[in-house]
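Beneath this line is the structure, given in structure tokens, with notes to follow.
Just so it is clear, A, B, C, D, E and F label the chains in written order, and each chain counts residues from 1 on its own.
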């Protein structure tokens, strides 16, 4: 990696990514602290922080590429976070709505059934409800 | 230059951690606290990445990966607890 | 027979790639081991993922992924602006119900995930029959518009990919 | 840095000891867990502190921190995990069997009678806390 | 050899009656008698040698380290006592055969009796004072069994316990005394000790040794103030009383004083301790005896009195007194045993021992009366019976022994004692046998069968024979014995009825006359006696024991009140005290190691940690919050590990923590969600103080060593990790190789934990736990979707991914952070995710793994990998590794340590899943049927066709 | 390398998972395997004891790594003695547990039992301080499982206390080991012995803190007052055969004190040396007194035995605290004796309680029950064993302890307390026995025990333990000879150190 411009370019990119990461990471947590209620707070970390950590991961990748190590495994972490962040937010939201009995505040589903946190699911079609009582472990 | 950027990054994420702690302590709901914890983990991963850059090593990769996994599961467990009480049913 | 040995070719390929990413360098041995694991792990875990949905159209998928990535970047900027510059009292948060045309759990999950990762919206719940999605908007004066945007921008594409 | 680590150990130990001296199994278990965090860091610190000297042999490493305490802490973590798991399940079983989660034995008879309805008020209290 | 045999025969023979009782009561008694007779014959076979002045000695090594040797010797004193014990023993065996009723377990009686006999013989034949102590305590034990023989009688039980406590206690004091004595003499061998009179008496430890040994003697021989146990021991069957409490056991104390006489006697301390005690006992015992209505009580106190008499004689320390003592021991054994047997016959025939209900028996049971009257007169000291002669000798000695410079006090008291003795003896004769026949005996009496009166008759014959021809019948024996006691030349004496008109004779006459007077005035005297306030020793003793027991009970219960909080507070305090004390005792210098600078991030992390600890303490009563705060602590610690160059620790810590959190959440579901405030403010303050001090201590300790340099063995590990262990991750190489044995133990801990958890949970499926589980009501509102769709889908994708990651972490472990343990946790977590997302029923059905088997296989694989090294002749856990090249693949490493790590991996997966899956299995008992569908929502289902549930 | 040295650890460690893996569902097979394994363990222990009696310390370098870098096992007279004692006790207890059906009252008795043996044996063999911690944990967690075997409210409650106290103790162990490592940089006990002698003056205080915190840890295990509070509740509520096995557990604490404070912080250790005894002796004497008070004040037989056990630990540790060869030999004799005595008593208590129906082990009169006479005899023997009366070994044990305490500063106090407490113990046991066995003769009726057959084997097992005390007494000469040699070996640690480290490094090079 002798070529000077690439080095500088990479370094600039790394710096930029780190700064972006820092800013978004901070904003995400700031939003978490600042916003008025949980539902709004939920927006801050799930998005901003994702970009924050994503920026850091990209920065790391670029940094190592520029220093001659071919590394892509940071991608895995990014992938993982993209996969899990919505689930996390979803679960937190459900927990919040449930714990605060916010059923009345929600818009109607427009269906025969209410929101899943408050209304039991219909039984599955033709199959009888496969219910089992106190299953025994295989080995016992 | 990267050093300064890193310093900036550490400052930002450090501050972010502080804000997370504040939310964690203040609540007011369990959901807030769980969210704060989850955010804390993610900020932690970012910090680990920056460490990796600072020290020029990929030795923190496994830790980051695990942090991501563990943070997710903790959050799911806590929220399932709030939802159902029983997290495996 | 082939189907039995290789129930999910796509998953196997993905896993092999993941293995190479984990190893963080390419070697023949690594590829071989990755391929072996890519074959074995789906076999071992297939009971936990019965009737897997199979997304179709690699180009469509790629297009969707790029779209979402771009939206994520935009979402971050938008939300950052709201957080930093907009006082709490001027926020207009609201819930929106999105009736779903998607039927595959995997597709619904991807949609809900996309919604969460994109500007100002978080998927908060699903109706008990799985036909409506509850979305919370951070700052949305016009809920109807938001709903239509989501259905148009994401759901139709996903419908093509999954169903 | 040494001062930070030492005071951190102190803080965890203190909180752990305080919770250890509580009257119910649950806080006691948390106290034990905290104490094991504290002692893990303590044991780790016996190798002295070093930043970016992970004991993974490589040609370009500037040096290595003492690996032995780390190995010891790993063993200790695993062991205390097993212990914590056992004591947790025991606390649960004892609660189911005796109807009280008090750690002191004379309370056994006093509270056992009240068990049937205990979940009511406790549950309400938990709800109130969440709101 | 034969001495050992004599001592051990009764022990060995003790089994015989237990076996022979099946062949009948006669066979039982005969076999017992045969044992005793054999021992007696063996003894007599040695007698000629002893009479020739030899000392027969047998020696065997027992505990050389202690100086406790199985050494026996037979001299005159030993021969005398052993003969006495065995002879009277024979008579008692005969008597008991007829005395015991059909309901009494006779086999047991003879077993105990033989044990006692063996112990007694052992005492008198021991040539080692420690060996003597062994037999000494054995007499206490066997007498305890004999006294308590009639277990249904409360007096028997109490009497036995009291006797054991007093004589056993005295024996314990004697142990100390003997040890001191041995220390002074430099040997525990009696023959050695007996030659060191000067050294012993000159030693500053002489007095303590003397006092302690005498405590043993006095308690055993019922000397005042330890006399009280003896009368209560009379609850025993009469043969026991006759044997133990008149003829033998109570004489053990006398024997020992006689045995030790050459070395211990002759000093002022000896005189004042022994003679005074004897004198007081003589008078007090006689006084009490006079007013006892129970025949056996009267005899018991008379025994106390006579034992006092002998003690006093030994206390005089003069050879002449010693001769008198020996002679009186012989005489007392004959008449007192006869009297006890007589009392037993009377009890047996009339069904009462109460003097007030007796009288006039002479006409009804003439044989018994004759025996009783002769023996009693001997006891009274009436000529020409043996009791008279030895009492004369005693009086003679006493009359010219001054006490504290006063010549009168001792003779006067002795005379009083003699007078009282005569009085109670006459009362025994007059109020039992003489007077008119009565018609209100509880049972009409007549003479018993010959077998029963034969034994006392033989004894009374001896009483008369010795009385008439003392020098002929008893002379040699007394000379021989006294010679052994004195250990030097015998004084000038002769045994005879008539010594001329001596002052002693005068006192004797006075005593007899006075005795008659007292008998005459018994009724008014008794009224006076009964009105007298006097301490009741038994009640005092009982109260003392009860008080002690109560105090002990209160103390014990107060200390061990079941308060874990207090136990732990004490533990913490002890740690602080010991730690602080230790620190102050040693030199301490400040550390010189340069400290690391602390950038902003660690400071922030520190704030996070301290903040989390603080909020934990403040908020811990909300348990869910406490868990979240604990998670923060765990997270921070993991981060710190990473920052401080311990990536493996961070990985382990964080994955262990999440599993712990899941476990605690599972448990919390059934536990109360809040901790009530149940400590007072002072208590919380105290706990806070302890906590702060502990924190300060731990922190200061850590700071102290972190700031100093040291040398460590781990340089070797760093150097050898790659060349010797084949791995670059030194921590992992230490774990699986250098210290693989630790890891082997560690996974076993995990395996055991899971087994114990399984057992605990399995137990919750029965009994009260199951009842509570079945009636359990959720204590919170519950959301309606059990298995949220998005979560289910996400975890399905994550399972193969996580397993991949787990395998990666496993394979990389040897060379970078990771390893079998973390990999196991990762896989376990991935599996747990399936349980959490889709529920127990669904996941369990799909889970093909037998967790028991996985865990056990893990341990076995790890162990077998270690054992494999044996094949190469290397020690357990020796690893080997090599590099393999298979074209076209790159070179890769194969290490046996991997096999070990596979074991670790499997154990972790098996243990975690075994524990958690079973926990949720138990939870299934809390409610009715649970869906086993993977997710509750099925969007593909057309809801119009499905009815509302 | 003599591979037999590691067998007492490996054999049960492999047997236990095998029981889980292969014969989990058949109690019969578990019993067979467990019994055969234990018998083999006894045989191996016996072989090792004979070997140790004939030579100096022998080491086993695990993983073929040289000491002090790897972990070593050390077979010397002391460890061999403890192994043999453990094996014999285990054989008797296992016989009892199987024949009385105790092992069927919960899950996994046999694997836990084998793991327990593994932990105990490992603790006795290891020559590494941290490895000692690991084996402590193995034996503790197995003991938790065994203690909770069968369940029941009281037992579970007591179990919580037992475990929490020991968790605190384990944490303290780590603090102590950490401190010692931080000063010396080593974990191998022989190496520690060398390093402790060379410690810099400025580090002495830290080292001392480590050494004495370790003493506290061992004292908790050894039930030294005031760290004994966990014991009565635990043992009294444990299944009786488990309590009998636990008789060896307190001895693990005593063993560790003897090992560490003769080898590492022994007389050669400069300032670290004498301090253990200073703390230990007064505490041991108080232990003796408080334990004895419990014997007189206990309301149930199991608790009474627990307090007797505590008192016996007081006697034992008093002898240990003197730290002289003679006293240590006495302590070891008493150790063996008191292990057997406590075990025998626990087994007798179980036999009695099982026959007294609802009266259980309460010290109050109950109507006559089956085999009263036989049980009374067993109780009598076990009690005089514990109280230190002849002809069982307790008497010799106490004599040895008393004798070894001669000529010291505290002789008078030690003698007075040991003898006085013996008296109180005698009284306590006499009262208990009288209440349990004699008083019942005065009561009407008879408890008809459950129709279940009354097997002979439990009684045989109990009698075997009692016979052990008789044999110990009869063979006191050879036994004390062996122990004298053991004590000599302990007080001349150079042999141990040289065996572990080799001559050069042992010299401090």
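By our rule, contacts are C-beta pairs under 8 Å (C-beta built on N, C-alpha and C of every residue); 3 or more make two chains touch, one makes a residue touch a chain.
This is a predicted model, so every value here is computed, not measured.
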Given subunit B and subunit C, the chains that contact each of them: A, E
Innermost chain, taking as reference the mean of every protein Cα atom displayed: F
Most distant chain from subunit C by Cα centroid: E
Chain centre separation in whole Å, for subunit E relative to subunit B (CA means): 59
Centre-to-centre distance between subunit F and subunit A (centres being mean Cα positions), rounded to whole Å: 55
Centre-of-Cα separation between subunit D and subunit B, whole angstrom: 21
Shared-contact residues (touching 2 or more other chains) in subunit B: 11, 13, 15, 17, 29-30, 34, 47, 51, 58-59, 61, 65, 69, 76, 78, 80, 82-83
Interface hub residues of subunit E, defined as touching at least two other chains: 562, 564, 568, 572, 624-625, 627, 643, 647, 668, 698, 701, 705-706, 710, 712-714, 717, 738-739, 742, 745-746, 749, 752-753, 756, 760, 762-763, 767-769, 778-781, 783-785, 788-791, 794, 801, 805, 816-817, 840, 848, 852-853, 919, 924, 930, 936-938, 941, 943
Numbers and ranges of subunit D residues touching at least 2 other chains: 20, 25, 28, 38, 40, 42, 45-46, 52, 54, 56, 68, 72, 75, 79, 82-83, 86, 90-91, 93, 97, 103, 105, 130-131
Residues of subunit B that touch subunit D when the two form their complex: 29-30, 51, 54-55, 57, 59, 82
Residue ranges of subunit E touching subunit B (in the complex, touch as defined): 599-601, 604-605, 607-608, 611-612, 615, 624-625, 627-629, 631-632, 635, 638-639, 642-643, 647, 650-651, 654-655, 657-658, 661-662, 665-666, 668-669, 778-780, 782-783, 785-786, 791, 802, 805, 809, 812, 816-818, 822, 826, 829, 832-833, 835-837, 839-840, 916, 919-920, 923-924, 926, 930
Subunit A residues within the subunit B interface of the complex: 11-12, 14-15, 18-19, 21-23, 25-26, 28-30, 32-33, 38, 41-42, 45, 49-50, 52-53, 55-57, 59-60, 63-64, 67, 69, 71, 73-74, 76-77, 80-81, 84, 87-88, 91-96, 98-100, 117
Subunit E to subunit A touching residues, read off their complex: 762, 781, 783-785, 788-791, 794, 797-798, 801, 840-841, 844-845, 847-853, 917-918, 921, 924-925, 928-933, 936-938, 941-943, 945-949
Interface residues, subunit D side, partner subunit F - complex: 20, 25, 28, 32, 35-36, 38-40, 42-43, 45-46, 68-69, 72, 75-76, 79-80, 82-83, 86-87, 90-91, 93-94, 97-98, 103, 105, 108, 112
